[in-house]
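Each structure below is given as C-alpha coordinates.
Shared between the two complexes below is subunit A, which has subunit B as its partner in the first and subunit C in the second.
Coming up: the complex of A and B.
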(Lines of atoms letter the chains of each structure in order from A and count residues from 1; the text may use other names and numbers.)
(Lines give C-alpha, C1' and ligand atoms only; values in the text may rest on other atoms or scores of the structure.)
Protein backbone atom coordinates (compact mmCIF):
# COMPACT_ATOMS: atom_id res chain seq x y z
CA UNK A 1 0.00 0.00 0.00
CA UNK A 2 1.21 3.44 -0.89
CA UNK A 3 1.87 5.58 2.15
CA UNK A 4 0.67 9.11 1.75
CA UNK A 5 2.64 12.03 3.08
CA UNK A 6 0.85 13.82 5.86
CA UNK A 7 0.13 17.46 5.09
CA UNK A 8 1.73 20.11 7.31
CA UNK A 9 -1.01 22.61 6.43
CA UNK A 10 -3.06 22.11 9.63
CA UNK A 11 -0.14 23.40 11.73
CA UNK A 12 -0.02 26.67 9.79
CA UNK A 13 -3.82 27.01 9.79
CA UNK A 14 -3.79 26.38 13.55
CA UNK A 15 -1.24 29.15 14.11
CA UNK A 16 -3.26 31.40 11.79
CA UNK A 17 -6.41 30.80 13.84
CA UNK A 18 -4.76 31.18 17.23
CA UNK A 19 -2.92 34.34 16.18
CA UNK A 20 -5.98 35.85 14.53
CA UNK A 21 -7.98 35.25 17.70
CA UNK A 22 -5.27 36.73 19.91
CA UNK A 23 -4.95 39.77 17.61
CA UNK A 24 -8.74 40.22 17.58
CA UNK A 25 -9.03 40.02 21.37
CA UNK A 26 -5.93 41.97 22.46
CA UNK A 27 -4.39 43.61 19.36
CA UNK A 28 -6.28 46.92 19.37
CA UNK A 29 -5.77 47.50 23.11
CA UNK A 30 -2.09 46.52 22.93
CA UNK A 31 -1.51 49.04 20.14
CA UNK A 32 -3.41 51.66 22.12
CA UNK A 33 -1.37 51.02 25.29
CA UNK A 34 2.13 50.70 23.80
CA UNK A 35 1.77 53.10 20.86
CA UNK A 36 -0.62 55.82 22.05
CA UNK A 37 -1.51 55.85 25.77
CA UNK A 38 1.98 55.32 27.22
CA UNK A 39 3.87 57.60 24.76
CA UNK A 40 1.34 60.42 25.31
CA UNK A 41 1.04 59.81 29.07
CA UNK A 42 -2.71 59.18 28.82
CA UNK A 43 -4.84 57.14 31.19
CA UNK A 44 -2.17 54.78 32.58
CA UNK A 45 0.11 55.57 35.56
CA UNK A 46 3.38 57.38 34.79
CA UNK A 47 6.23 54.94 34.28
CA UNK A 48 3.95 52.09 33.19
CA UNK A 49 6.57 51.03 30.65
CA UNK A 50 9.66 52.25 32.52
CA UNK A 51 12.85 50.19 32.16
CA UNK A 52 12.46 48.69 35.66
CA UNK A 53 8.81 47.76 35.09
CA UNK A 54 9.33 46.24 31.66
CA UNK A 55 12.45 44.33 32.70
CA UNK A 56 10.59 42.88 35.69
CA UNK A 57 7.63 41.98 33.44
CA UNK A 58 9.83 40.36 30.81
CA UNK A 59 11.78 38.40 33.46
CA UNK A 60 8.59 37.08 35.00
CA UNK A 61 7.62 33.67 33.65
CA UNK A 62 4.07 34.72 32.75
CA UNK A 63 5.12 38.12 31.40
CA UNK A 64 7.82 36.58 29.20
CA UNK A 65 5.34 33.97 27.97
CA UNK A 66 2.75 36.62 27.17
CA UNK A 67 5.19 38.78 25.19
CA UNK A 68 6.44 35.75 23.26
CA UNK A 69 2.91 34.45 22.60
CA UNK A 70 1.85 37.85 21.22
CA UNK A 71 4.85 38.20 18.89
CA UNK A 72 4.93 34.51 17.83
CA UNK A 73 1.21 34.10 17.17
CA UNK A 74 0.75 37.55 15.57
CA UNK A 75 3.58 37.02 13.09
CA UNK A 76 2.53 33.46 12.13
CA UNK A 77 -1.09 34.59 11.75
CA UNK A 78 -0.13 37.50 9.52
CA UNK A 79 2.49 35.52 7.60
CA UNK A 80 0.02 32.76 6.77
CA UNK A 81 -2.63 35.26 5.74
CA UNK A 82 -0.23 37.11 3.43
CA UNK A 83 1.04 33.78 2.05
CA UNK A 84 -2.47 32.97 0.87
CA UNK A 85 -3.31 36.52 -0.21
CA UNK A 86 -0.22 36.83 -2.43
CA UNK A 87 -2.09 34.45 -4.73
CA UNK A 88 -4.72 37.18 -5.25
CA UNK A 89 -2.09 39.55 -6.63
CA UNK A 90 -0.49 36.97 -8.91
CA UNK A 91 2.24 35.49 -6.70
CA UNK A 92 1.23 31.85 -6.50
CA UNK A 93 2.07 29.57 -3.56
CA UNK A 94 5.63 28.31 -3.88
CA UNK A 95 9.09 28.69 -2.50
CA UNK A 96 9.12 32.49 -3.03
CA UNK A 97 5.83 33.12 -1.23
CA UNK A 98 6.88 30.79 1.59
CA UNK A 99 10.27 32.47 2.04
CA UNK A 100 8.64 35.91 2.12
CA UNK A 101 5.99 35.00 4.68
CA UNK A 102 6.89 31.92 6.72
CA UNK A 103 10.55 32.92 6.43
CA UNK A 104 9.83 36.33 7.95
CA UNK A 105 7.70 34.72 10.67
CA UNK A 106 10.49 32.27 11.53
CA UNK A 107 13.15 35.02 11.69
CA UNK A 108 11.00 37.31 13.86
CA UNK A 109 10.07 34.42 16.21
CA UNK A 110 13.73 33.50 16.56
CA UNK A 111 14.92 37.08 17.20
CA UNK A 112 12.16 37.70 19.77
CA UNK A 113 12.70 34.31 21.44
CA UNK A 114 16.47 34.76 21.75
CA UNK A 115 16.08 38.34 23.06
CA UNK A 116 13.47 37.25 25.63
CA UNK A 117 15.56 34.29 26.85
CA UNK A 118 18.59 36.60 27.05
CA UNK A 119 16.74 38.79 29.56
CA UNK A 120 16.88 35.94 32.07
CA UNK A 121 14.30 34.87 34.63
CA UNK B 1 8.64 24.37 -26.37
CA UNK B 2 5.32 25.03 -28.01
CA UNK B 3 5.04 28.02 -30.33
CA UNK B 4 1.38 28.43 -29.41
CA UNK B 5 0.76 31.58 -27.47
CA UNK B 6 -2.88 31.55 -26.42
CA UNK B 7 -4.46 34.76 -25.15
CA UNK B 8 -4.64 34.78 -21.36
CA UNK B 9 -6.88 37.43 -19.89
CA UNK B 10 -5.02 39.62 -17.40
CA UNK B 11 -6.16 39.29 -13.79
CA UNK B 12 -4.55 42.57 -12.70
CA UNK B 13 -6.76 44.50 -10.32
CA UNK B 14 -9.57 41.91 -10.51
CA UNK B 15 -10.64 42.70 -6.97
CA UNK B 16 -11.25 46.40 -7.71
CA UNK B 17 -14.29 45.57 -9.81
CA UNK B 18 -16.55 44.48 -6.97
CA UNK B 19 -16.97 46.15 -3.54
CA UNK B 20 -17.22 42.70 -1.92
CA UNK B 21 -13.74 41.81 -3.18
CA UNK B 22 -12.37 45.23 -2.21
CA UNK B 23 -13.51 44.58 1.37
CA UNK B 24 -11.95 41.10 1.17
CA UNK B 25 -8.58 42.56 0.12
CA UNK B 26 -8.79 45.22 2.85
CA UNK B 27 -9.49 42.71 5.63
CA UNK B 28 -6.77 40.36 4.35
CA UNK B 29 -4.48 43.40 4.12
CA UNK B 30 -4.81 44.05 7.86
CA UNK B 31 -2.17 41.30 8.19
CA UNK B 32 0.43 43.77 6.86
CA UNK B 33 -0.32 46.06 9.81
CA UNK B 34 -0.17 43.12 12.23
CA UNK B 35 3.32 42.39 10.83
CA UNK B 36 4.34 46.04 11.28
CA UNK B 37 3.20 46.02 14.91
CA UNK B 38 4.98 42.73 15.59
CA UNK B 39 8.20 44.28 14.24
CA UNK B 40 7.76 47.31 16.54
CA UNK B 41 7.36 44.98 19.54
CA UNK B 42 10.30 42.79 18.51
CA UNK B 43 12.58 45.83 18.24
CA UNK B 44 11.35 46.85 21.70
CA UNK B 45 12.22 43.45 23.18
CA UNK B 46 15.70 43.57 21.61
CA UNK B 47 16.27 47.14 22.89
CA UNK B 48 15.13 46.08 26.37
CA UNK B 49 17.90 43.47 26.36
CA UNK B 50 20.50 46.12 25.44
CA UNK B 51 20.05 48.06 28.68
CA UNK B 52 18.32 51.09 30.09
CA UNK B 53 19.67 53.67 27.61
CA UNK B 54 18.60 51.58 24.64
CA UNK B 55 15.15 51.01 26.13
CA UNK B 56 14.66 54.72 26.83
CA UNK B 57 15.67 55.43 23.24
CA UNK B 58 12.91 53.09 22.05
CA UNK B 59 10.39 54.77 24.39
CA UNK B 60 11.46 58.17 23.03
CA UNK B 61 11.07 56.99 19.45
CA UNK B 62 7.54 55.82 20.32
CA UNK B 63 6.76 59.41 21.42
CA UNK B 64 7.59 61.01 18.07
CA UNK B 65 4.58 62.47 16.24
CA UNK B 66 5.25 60.15 13.29
CA UNK B 67 5.12 57.12 15.59
CA UNK B 68 1.86 58.31 17.17
CA UNK B 69 0.25 58.76 13.74
CA UNK B 70 1.63 55.37 12.66
CA UNK B 71 0.11 53.72 15.73
CA UNK B 72 -3.25 55.41 15.10
CA UNK B 73 -3.19 53.78 11.66
CA UNK B 74 -2.17 50.44 13.23
CA UNK B 75 -5.00 50.80 15.76
CA UNK B 76 -7.57 51.39 13.00
CA UNK B 77 -6.29 48.47 10.90
CA UNK B 78 -6.04 45.97 13.76
CA UNK B 79 -9.43 47.04 15.14
CA UNK B 80 -10.81 46.38 11.65
CA UNK B 81 -9.12 42.97 11.75
CA UNK B 82 -10.92 42.27 15.06
CA UNK B 83 -14.25 43.50 13.66
CA UNK B 84 -14.04 41.31 10.54
CA UNK B 85 -12.49 38.34 12.38
CA UNK B 86 -15.65 37.97 14.47
CA UNK B 87 -17.95 39.02 11.61
CA UNK B 88 -16.72 36.02 9.58
CA UNK B 89 -17.29 33.58 12.45
CA UNK B 90 -20.48 32.08 10.97
CA UNK B 91 -18.38 31.13 7.91
CA UNK B 92 -15.19 30.06 9.65
CA UNK B 93 -16.42 28.11 12.69
CA UNK B 94 -18.31 24.80 12.70
CA UNK B 95 -22.09 25.10 13.27
CA UNK B 96 -22.80 25.58 16.97
CA UNK B 97 -25.76 23.70 18.47
CA UNK B 98 -27.13 24.66 21.90
CA UNK B 99 -30.00 22.71 23.48
CA UNK B 100 -30.83 21.08 20.16
CA UNK B 101 -31.11 24.41 18.33
CA UNK B 102 -28.65 25.88 15.85
CA UNK B 103 -27.22 29.15 17.19
CA UNK B 104 -28.12 32.08 14.91
CA UNK B 105 -25.18 33.53 12.95
CA UNK B 106 -25.83 37.06 14.27
CA UNK B 107 -25.76 35.77 17.86
CA UNK B 108 -22.31 34.23 17.24
CA UNK B 109 -21.02 37.48 15.74
CA UNK B 110 -22.42 39.54 18.63
CA UNK B 111 -20.84 37.15 21.17
CA UNK B 112 -17.49 37.55 19.36
CA UNK B 113 -17.62 41.34 19.37
CA UNK B 114 -18.61 41.30 23.05
CA UNK B 115 -15.67 39.00 23.84
CA UNK B 116 -13.37 41.41 21.97
CA UNK B 117 -14.53 44.42 24.01
CA UNK B 118 -14.37 42.49 27.31
CA UNK B 119 -10.85 41.18 26.55
CA UNK B 120 -9.61 44.67 25.62
CA UNK B 121 -10.99 46.22 28.83
CA UNK B 122 -9.65 43.32 30.92
CA UNK B 123 -6.18 43.85 29.42
CA UNK B 124 -6.31 47.57 30.22
CA UNK B 125 -7.33 46.86 33.82
CA UNK B 126 -4.61 44.20 34.23
CA UNK B 127 -1.91 46.53 32.85
CA UNK B 128 -3.19 49.27 35.16
CA UNK B 129 -3.05 46.84 38.09
CA UNK B 130 0.53 45.77 37.36
CA UNK B 131 1.73 49.35 36.83
CA UNK B 132 -0.01 50.94 39.84
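Coming up: the complex of A and C.
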Protein backbone atom coordinates (compact mmCIF):
# COMPACT_ATOMS: atom_id res chain seq x y z
CA UNK A 1 0.00 0.00 0.00
CA UNK A 2 1.07 3.55 -0.72
CA UNK A 3 2.80 5.18 2.25
CA UNK A 4 1.45 8.58 3.10
CA UNK A 5 3.10 11.35 5.05
CA UNK A 6 1.31 12.74 8.06
CA UNK A 7 -0.01 16.22 7.31
CA UNK A 8 1.18 19.14 9.44
CA UNK A 9 -2.05 20.95 8.57
CA UNK A 10 -3.51 20.66 12.11
CA UNK A 11 -1.22 23.52 13.21
CA UNK A 12 -2.46 25.88 10.52
CA UNK A 13 -6.00 24.54 10.56
CA UNK A 14 -6.05 24.98 14.35
CA UNK A 15 -4.96 28.62 14.07
CA UNK A 16 -7.49 29.08 11.28
CA UNK A 17 -10.26 27.63 13.44
CA UNK A 18 -9.31 29.69 16.49
CA UNK A 19 -9.09 32.83 14.34
CA UNK A 20 -12.48 32.13 12.81
CA UNK A 21 -14.01 31.79 16.26
CA UNK A 22 -12.28 35.00 17.40
CA UNK A 23 -13.44 36.85 14.28
CA UNK A 24 -17.03 35.69 14.74
CA UNK A 25 -17.09 36.66 18.44
CA UNK A 26 -15.24 39.98 18.33
CA UNK A 27 -14.93 41.08 14.67
CA UNK A 28 -18.33 42.75 14.15
CA UNK A 29 -18.20 44.64 17.46
CA UNK A 30 -14.63 45.80 16.84
CA UNK A 31 -15.68 47.12 13.42
CA UNK A 32 -18.65 48.87 15.03
CA UNK A 33 -16.61 50.45 17.84
CA UNK A 34 -13.51 51.45 15.88
CA UNK A 35 -15.12 52.14 12.50
CA UNK A 36 -18.58 53.56 13.31
CA UNK A 37 -19.31 54.40 16.95
CA UNK A 38 -16.08 56.23 17.85
CA UNK A 39 -15.64 58.25 14.59
CA UNK A 40 -19.32 59.30 14.61
CA UNK A 41 -19.45 59.88 18.39
CA UNK A 42 -22.30 57.40 18.84
CA UNK A 43 -23.24 55.68 22.12
CA UNK A 44 -19.74 55.63 23.62
CA UNK A 45 -18.37 58.41 25.86
CA UNK A 46 -16.09 61.01 24.23
CA UNK A 47 -12.43 60.02 24.34
CA UNK A 48 -13.12 56.27 24.47
CA UNK A 49 -10.32 55.69 22.01
CA UNK A 50 -8.16 58.66 22.97
CA UNK A 51 -4.41 58.11 22.83
CA UNK A 52 -4.13 58.02 26.61
CA UNK A 53 -6.91 55.45 26.94
CA UNK A 54 -5.55 53.25 24.18
CA UNK A 55 -2.01 53.43 25.54
CA UNK A 56 -3.23 52.43 28.98
CA UNK A 57 -5.22 49.58 27.42
CA UNK A 58 -2.16 48.34 25.52
CA UNK A 59 0.02 48.60 28.62
CA UNK A 60 -2.36 46.56 30.72
CA UNK A 61 -1.49 42.88 30.83
CA UNK A 62 -4.99 41.72 29.76
CA UNK A 63 -5.41 44.51 27.18
CA UNK A 64 -2.05 43.65 25.63
CA UNK A 65 -2.99 40.01 25.48
CA UNK A 66 -6.34 40.80 23.88
CA UNK A 67 -4.80 43.04 21.20
CA UNK A 68 -2.18 40.40 20.41
CA UNK A 69 -4.74 37.58 20.28
CA UNK A 70 -6.96 39.56 17.90
CA UNK A 71 -4.11 40.43 15.52
CA UNK A 72 -2.34 37.06 15.74
CA UNK A 73 -5.39 34.85 15.26
CA UNK A 74 -7.08 37.09 12.65
CA UNK A 75 -3.97 37.20 10.46
CA UNK A 76 -3.38 33.43 10.68
CA UNK A 77 -7.04 32.84 9.88
CA UNK A 78 -6.75 35.13 6.85
CA UNK A 79 -3.43 33.58 5.78
CA UNK A 80 -4.85 30.06 5.80
CA UNK A 81 -8.05 31.11 4.02
CA UNK A 82 -6.10 32.94 1.32
CA UNK A 83 -3.70 29.98 0.98
CA UNK A 84 -6.67 27.75 0.14
CA UNK A 85 -8.26 30.39 -2.09
CA UNK A 86 -5.03 30.70 -4.09
CA UNK A 87 -5.18 26.93 -4.64
CA UNK A 88 -8.74 27.31 -5.90
CA UNK A 89 -7.76 29.97 -8.43
CA UNK A 90 -4.89 27.83 -9.70
CA UNK A 91 -1.90 29.00 -7.63
CA UNK A 92 -1.05 25.62 -6.17
CA UNK A 93 0.45 25.13 -2.70
CA UNK A 94 4.20 25.56 -2.71
CA UNK A 95 6.93 27.64 -1.18
CA UNK A 96 5.69 30.85 -2.89
CA UNK A 97 2.08 30.55 -1.75
CA UNK A 98 3.22 29.62 1.77
CA UNK A 99 5.59 32.59 2.00
CA UNK A 100 2.85 34.92 0.74
CA UNK A 101 0.27 33.71 3.26
CA UNK A 102 1.79 31.97 6.28
CA UNK A 103 4.96 34.03 5.90
CA UNK A 104 3.01 37.28 5.95
CA UNK A 105 1.03 36.05 8.97
CA UNK A 106 4.26 35.22 10.80
CA UNK A 107 5.75 38.66 10.04
CA UNK A 108 2.59 40.49 11.15
CA UNK A 109 2.48 38.40 14.36
CA UNK A 110 6.11 39.17 15.09
CA UNK A 111 5.71 42.91 14.44
CA UNK A 112 2.57 43.02 16.62
CA UNK A 113 4.32 41.14 19.42
CA UNK A 114 7.43 43.32 19.35
CA UNK A 115 5.40 46.56 19.14
CA UNK A 116 3.14 45.52 22.02
CA UNK A 117 6.05 44.50 24.22
CA UNK A 118 7.82 47.75 23.29
CA UNK A 119 4.97 49.76 24.83
CA UNK A 120 5.91 48.41 28.25
CA UNK A 121 3.66 47.48 31.13
CA UNK B 1 -54.91 13.34 -26.08
CA UNK B 2 -52.58 16.29 -26.03
CA UNK B 3 -49.83 16.80 -28.59
CA UNK B 4 -46.57 14.85 -28.12
CA UNK B 5 -44.02 16.99 -26.29
CA UNK B 6 -40.43 17.04 -27.53
CA UNK B 7 -37.36 17.83 -25.36
CA UNK B 8 -33.93 18.66 -26.72
CA UNK B 9 -31.20 16.67 -24.98
CA UNK B 10 -27.61 17.75 -25.61
CA UNK B 11 -25.25 14.88 -24.87
CA UNK B 12 -21.48 15.16 -24.49
CA UNK B 13 -20.08 12.44 -26.74
CA UNK B 14 -16.56 11.10 -26.61
CA UNK B 15 -15.29 8.07 -28.50
CA UNK B 16 -11.65 7.64 -27.49
CA UNK B 17 -10.87 5.49 -30.55
CA UNK B 18 -11.74 8.22 -33.05
CA UNK B 19 -12.22 11.58 -31.25
CA UNK B 20 -9.52 14.10 -30.38
CA UNK B 21 -11.81 15.77 -27.81
CA UNK B 22 -15.37 15.45 -26.50
CA UNK B 23 -18.12 17.13 -28.54
CA UNK B 24 -21.85 17.72 -28.08
CA UNK B 25 -24.72 16.27 -30.03
CA UNK B 26 -28.33 17.37 -29.71
CA UNK B 27 -31.24 14.90 -29.92
CA UNK B 28 -34.95 15.71 -30.08
CA UNK B 29 -36.63 13.23 -27.75
CA UNK B 30 -40.41 12.75 -27.41
CA UNK B 31 -41.27 12.38 -23.75
CA UNK B 32 -44.08 11.89 -21.27
CA UNK B 33 -44.30 13.50 -17.84
CA UNK B 34 -43.24 10.32 -16.07
CA UNK B 35 -39.94 10.05 -17.94
CA UNK B 36 -36.58 10.49 -16.23
CA UNK B 37 -33.49 11.90 -17.90
CA UNK B 38 -32.13 8.32 -17.86
CA UNK B 39 -35.14 7.21 -19.90
CA UNK B 40 -34.50 10.10 -22.27
CA UNK B 41 -30.92 8.93 -22.77
CA UNK B 42 -32.15 5.35 -23.21
CA UNK B 43 -34.57 6.62 -25.88
CA UNK B 44 -31.63 8.16 -27.75
CA UNK B 45 -29.71 4.86 -27.60
CA UNK B 46 -32.72 2.83 -28.76
CA UNK B 47 -33.86 5.16 -31.53
CA UNK B 48 -31.06 7.46 -32.71
CA UNK B 49 -27.62 6.10 -31.90
CA UNK B 50 -26.99 2.65 -30.48
CA UNK B 51 -23.37 3.51 -29.78
CA UNK B 52 -24.27 6.01 -27.01
CA UNK B 53 -22.72 4.60 -23.84
CA UNK B 54 -23.79 5.13 -20.24
CA UNK B 55 -24.11 3.17 -17.00
CA UNK B 56 -27.39 2.35 -15.34
CA UNK B 57 -29.02 -0.49 -13.49
CA UNK B 58 -31.80 -0.11 -10.92
CA UNK B 59 -33.74 2.99 -12.14
CA UNK B 60 -34.69 3.72 -8.51
CA UNK B 61 -31.77 5.66 -6.99
CA UNK B 62 -30.21 2.81 -5.07
CA UNK B 63 -27.52 1.31 -7.33
CA UNK B 64 -25.60 4.55 -7.82
CA UNK B 65 -24.65 3.82 -11.46
CA UNK B 66 -26.40 6.54 -13.46
CA UNK B 67 -24.75 9.71 -12.14
CA UNK B 68 -24.29 12.41 -14.78
CA UNK B 69 -23.78 16.15 -14.94
CA UNK B 70 -27.28 17.36 -15.78
CA UNK B 71 -27.19 21.05 -16.71
CA UNK B 72 -23.85 21.16 -14.92
CA UNK B 73 -25.08 19.64 -11.65
CA UNK B 74 -24.14 16.12 -10.56
CA UNK B 75 -27.36 14.10 -10.30
CA UNK B 76 -28.66 10.56 -10.58
CA UNK B 77 -30.35 10.63 -13.98
CA UNK B 78 -32.95 8.06 -12.88
CA UNK B 79 -34.49 10.39 -10.30
CA UNK B 80 -34.23 13.56 -12.38
CA UNK B 81 -37.30 14.23 -14.49
CA UNK B 82 -37.42 15.69 -18.00
CA UNK B 83 -40.64 17.58 -17.17
CA UNK B 84 -38.73 19.75 -14.68
CA UNK B 85 -36.52 21.13 -17.49
CA UNK B 86 -39.04 21.36 -20.35
CA UNK B 87 -39.17 23.47 -22.52
CA UNK B 88 -35.48 24.28 -21.89
CA UNK B 89 -32.83 22.05 -23.40
CA UNK B 90 -31.20 19.52 -21.06
CA UNK B 91 -27.45 19.11 -21.20
CA UNK B 92 -26.03 15.75 -20.14
CA UNK B 93 -22.33 15.17 -19.57
CA UNK B 94 -20.07 12.61 -17.93
CA UNK B 95 -19.43 13.25 -14.22
CA UNK B 96 -16.91 16.04 -13.66
CA UNK B 97 -13.40 15.41 -12.26
CA UNK B 98 -13.17 11.85 -13.64
CA UNK B 99 -11.45 10.71 -16.84
CA UNK B 100 -14.02 9.77 -19.52
CA UNK B 101 -13.92 6.18 -20.76
CA UNK B 102 -16.62 6.65 -23.37
CA UNK B 103 -19.50 9.13 -23.68
CA UNK B 104 -21.14 9.25 -20.23
CA UNK B 105 -19.06 6.47 -18.67
CA UNK B 106 -16.21 7.60 -16.42
CA UNK B 107 -13.14 5.74 -15.20
CA UNK B 108 -13.73 4.98 -11.52
CA UNK B 109 -10.45 3.20 -10.82
CA UNK B 110 -9.07 6.14 -8.81
CA UNK B 111 -12.14 6.12 -6.59
CA UNK B 112 -12.02 2.34 -6.17
CA UNK B 113 -8.40 2.59 -4.97
CA UNK B 114 -9.42 5.19 -2.38
CA UNK B 115 -12.35 3.05 -1.30
CA UNK B 116 -10.03 0.06 -0.81
CA UNK B 117 -7.54 2.20 1.09
CA UNK B 118 -10.06 3.16 3.80
CA UNK B 119 -10.78 -0.55 4.53
CA UNK B 120 -14.57 -0.31 4.24
CA UNK B 121 -15.37 -3.32 6.40
CA UNK B 122 -15.46 -4.09 10.09
CA UNK B 123 -12.04 -4.96 11.51
CA UNK B 124 -13.09 -6.67 14.76
CA UNK B 125 -11.50 -5.52 18.02
CA UNK B 126 -11.40 -9.14 19.13
CA UNK B 127 -12.46 -11.82 16.64
CA UNK B 128 -15.27 -13.94 18.07
CA UNK B 129 -15.99 -17.57 17.40
CA UNK B 130 -19.46 -18.71 16.34
CA UNK B 131 -19.93 -20.23 19.82
CA UNK B 132 -19.30 -16.86 21.43
CA UNK B 133 -22.32 -15.50 19.57
CA UNK B 134 -23.07 -12.24 17.82
CA UNK B 135 -21.58 -8.80 18.37
CA UNK B 136 -24.00 -6.91 20.57
CA UNK B 137 -24.79 -3.29 19.74
CA UNK B 138 -27.21 -0.90 21.43
CA UNK B 139 -29.60 1.35 19.47
CA UNK B 140 -27.51 4.36 20.58
CA UNK B 141 -24.32 2.79 19.19
CA UNK B 142 -26.19 1.96 15.98
CA UNK B 143 -27.40 5.56 15.67
CA UNK B 144 -23.78 6.77 15.71
CA UNK B 145 -23.05 5.48 12.20
CA UNK B 146 -26.32 4.52 10.47
CA UNK B 147 -26.51 7.75 8.43
CA UNK B 148 -23.13 7.05 6.79
CA UNK B 149 -24.16 3.53 5.74
CA UNK B 150 -26.56 5.03 3.18
CA UNK B 151 -23.71 5.80 0.76
CA UNK B 152 -24.24 4.06 -2.59
CA UNK B 153 -20.82 4.99 -4.10
CA UNK B 154 -22.48 7.03 -6.84
CA UNK B 155 -19.53 9.51 -6.65
CA UNK B 156 -21.74 12.56 -7.24
CA UNK B 157 -19.88 14.10 -4.28
CA UNK B 158 -16.56 13.71 -6.12
CA UNK B 159 -18.02 15.45 -9.18
CA UNK B 160 -19.18 18.25 -6.85
CA UNK B 161 -15.98 18.66 -4.81
CA UNK B 162 -13.59 21.30 -6.19
CA UNK B 163 -10.71 19.75 -4.22
CA UNK B 164 -10.96 16.31 -5.81
CA UNK B 165 -10.25 18.15 -9.06
CA UNK B 166 -7.38 20.19 -7.60
CA UNK B 167 -5.79 17.35 -5.60
CA UNK B 168 -6.46 14.04 -7.36
CA UNK B 169 -4.98 12.01 -4.47
CA UNK B 170 -7.40 13.53 -1.91
CA UNK B 171 -9.36 10.64 -0.37
CA UNK B 172 -12.49 12.67 -1.03
CA UNK B 173 -15.96 12.99 0.49
CA UNK B 174 -17.54 9.60 -0.30
CA UNK B 175 -14.66 7.44 0.90
CA UNK B 176 -14.30 9.65 4.00
CA UNK B 177 -17.99 9.14 4.82
CA UNK B 178 -17.42 5.38 4.72
CA UNK B 179 -14.19 5.68 6.70
CA UNK B 180 -16.19 7.50 9.35
CA UNK B 181 -18.99 4.92 9.14
CA UNK B 182 -16.60 2.11 10.15
CA UNK B 183 -14.69 4.20 12.69
CA UNK B 184 -17.93 5.02 14.48
CA UNK B 185 -19.08 1.39 14.62
CA UNK B 186 -18.77 0.00 18.17
CA UNK B 187 -17.84 -3.44 16.76
CA UNK B 188 -14.88 -2.05 14.84
CA UNK B 189 -11.26 -1.84 15.97
CA UNK B 190 -9.63 -0.41 12.84
CA UNK B 191 -9.87 3.28 13.66
CA UNK B 192 -6.12 3.84 14.21
CA UNK B 193 -5.27 2.37 10.78
CA UNK B 194 -7.92 4.45 9.03
CA UNK B 195 -6.99 7.65 10.87
CA UNK B 196 -3.46 7.37 9.47
CA UNK B 197 -5.06 7.92 6.08
CA UNK B 198 -7.42 10.67 7.26
CA UNK B 199 -4.53 12.55 8.93
CA UNK B 200 -2.16 12.16 5.97
CA UNK B 201 -1.41 14.69 3.25
CA UNK B 202 -4.07 12.98 1.11
CA UNK B 203 -6.55 13.25 3.98
CA UNK B 204 -9.18 15.55 5.40
CA UNK B 205 -7.18 18.80 5.34
CA UNK B 206 -7.49 18.98 1.55
CA UNK B 207 -11.10 20.00 2.19
CA UNK B 208 -11.93 23.69 2.55
CA UNK B 209 -15.50 23.04 3.77
CA UNK B 210 -17.28 24.00 0.55
CA UNK B 211 -20.14 21.65 1.47
CA UNK B 212 -21.36 21.06 -2.10
CA UNK B 213 -20.68 17.30 -1.66
CA UNK B 214 -23.41 17.08 0.96
CA UNK B 215 -25.76 19.20 -1.11
CA UNK B 216 -25.64 16.88 -4.15
CA UNK B 217 -25.71 13.63 -2.13
CA UNK B 218 -28.86 11.74 -3.21
CA UNK B 219 -28.91 9.68 -0.01
CA UNK B 220 -28.44 12.52 2.53
CA UNK B 221 -25.23 10.96 3.85
CA UNK B 222 -23.61 14.36 4.54
CA UNK B 223 -20.05 13.39 3.57
CA UNK B 224 -18.93 16.98 4.26
CA UNK B 225 -19.75 16.46 7.91
CA UNK B 226 -17.75 13.22 8.01
CA UNK B 227 -14.73 15.02 6.56
CA UNK B 228 -14.95 17.94 8.97
CA UNK B 229 -15.51 15.83 12.09
CA UNK B 230 -12.31 14.03 11.17
CA UNK B 231 -10.39 17.30 10.83
CA UNK B 232 -11.10 17.68 14.55
CA UNK B 233 -10.24 14.02 15.27
CA UNK B 234 -6.99 14.16 13.29
CA UNK B 235 -6.14 17.56 14.83
CA UNK B 236 -6.66 16.27 18.39
CA UNK B 237 -4.50 13.27 17.59
CA UNK B 238 -1.79 15.50 16.11
CA UNK B 239 -1.41 17.49 19.32
CA UNK B 240 -2.31 14.84 21.91
CA UNK B 241 -0.45 11.89 20.39
CA UNK B 242 2.53 12.47 22.71
CA UNK B 243 0.22 11.96 25.68
CA UNK B 244 -1.39 8.83 24.22
CA UNK B 245 0.11 5.54 25.44
CA UNK B 246 0.02 4.17 21.89
CA UNK B 247 1.48 7.32 20.36
CA UNK B 248 -1.52 8.06 18.12
CA UNK B 249 -1.61 7.64 14.36
CA UNK B 250 1.71 7.59 12.50
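Methods note: the second predicted complex is superposed on the first by the 114 of 121 C-alpha atoms of A that agree within 3 Å, B and C clash if a C-alpha of one lies under 4 Å from a C-alpha of the other, contacts with A are read in each partner's own complex, and residues count from 1 in each chain.
One rule holds for everything that comes next: a residue touches a chain if its C-beta (ideal position, glycine included) is under 8 Å from a C-beta of that chain, and two chains touch if they have at least 3 such contacts.
This one's a predicted model, so the numbers in the text were calculated from it and none came from an experiment.
K.L.:
Is the number of subunit A residues in contact higher for subunit B or for subunit C?
P.N.:
Residues of subunit A touched, subunit B against subunit C: more for B.
K.L.:
Touch check for A:42: first (subunit B), second (subunit C), both, or neither?
P.N.:
Neither partner.
K.L.:
Would you sort A:87 into first (subunit B), second (subunit C), both or neither based on which partner it touches?
P.N.:
second
K.L.:
Touching A:58 in the superposition: subunit B (first), subunit C (second), both, neither?
P.N.:
So A:58 only meets subunit B here.
K.L.:
For A:10, decide between first (touching subunit B), second (touching subunit C), both and neither.
P.N.:
Only subunit C; A:10 stays clear of subunit B.
K.L.:
What residues on subunit A does subunit C touch that subunit B touches too?
P.N.:
Of subunit A, residues 84, 88 contact subunit B in one complex and subunit C in the other.
K.L.:
Could you pull out which subunit B residues touch subunit A in their complex?
P.N.:
It comes out as residues 11-12, 14-15, 25, 28-29, 31-32, 34-35, 37-42, 44-46, 48-49, 52, 55-56, 59, 62-63, 67-68, 70-72, 74-75, 78-79, 81-82, 85-86, 112, 115-116, 119-121, 123-124, 127-128, 130-132.
K.L.:
Over in the complex, which subunit A residues touch subunit C? Could you list them?
P.N.:
Residues in contact with subunit C: 1-2, 4-11, 13-14, 84, 87-88, 92.
K.L.:
What residues of subunit C sit close enough to touch subunit A in their complex?
P.N.:
Touch residues, subunit C against subunit A: 117, 162, 166, 196-197, 199-203, 205, 208, 231, 234-235, 238-239, 249-250.
K.L.:
Name, in rising order, each residue of subunit A that touches subunit B in their complex.
P.N.:
Touching subunit B from subunit A are residues 19-21, 23-36, 38-40, 43-45, 47-49, 51, 53-55, 57-58, 67, 70-71, 74-75, 77-79, 81-82, 84-85, 88, 90, 104, 108, 111-112, 115-116, 118-119.
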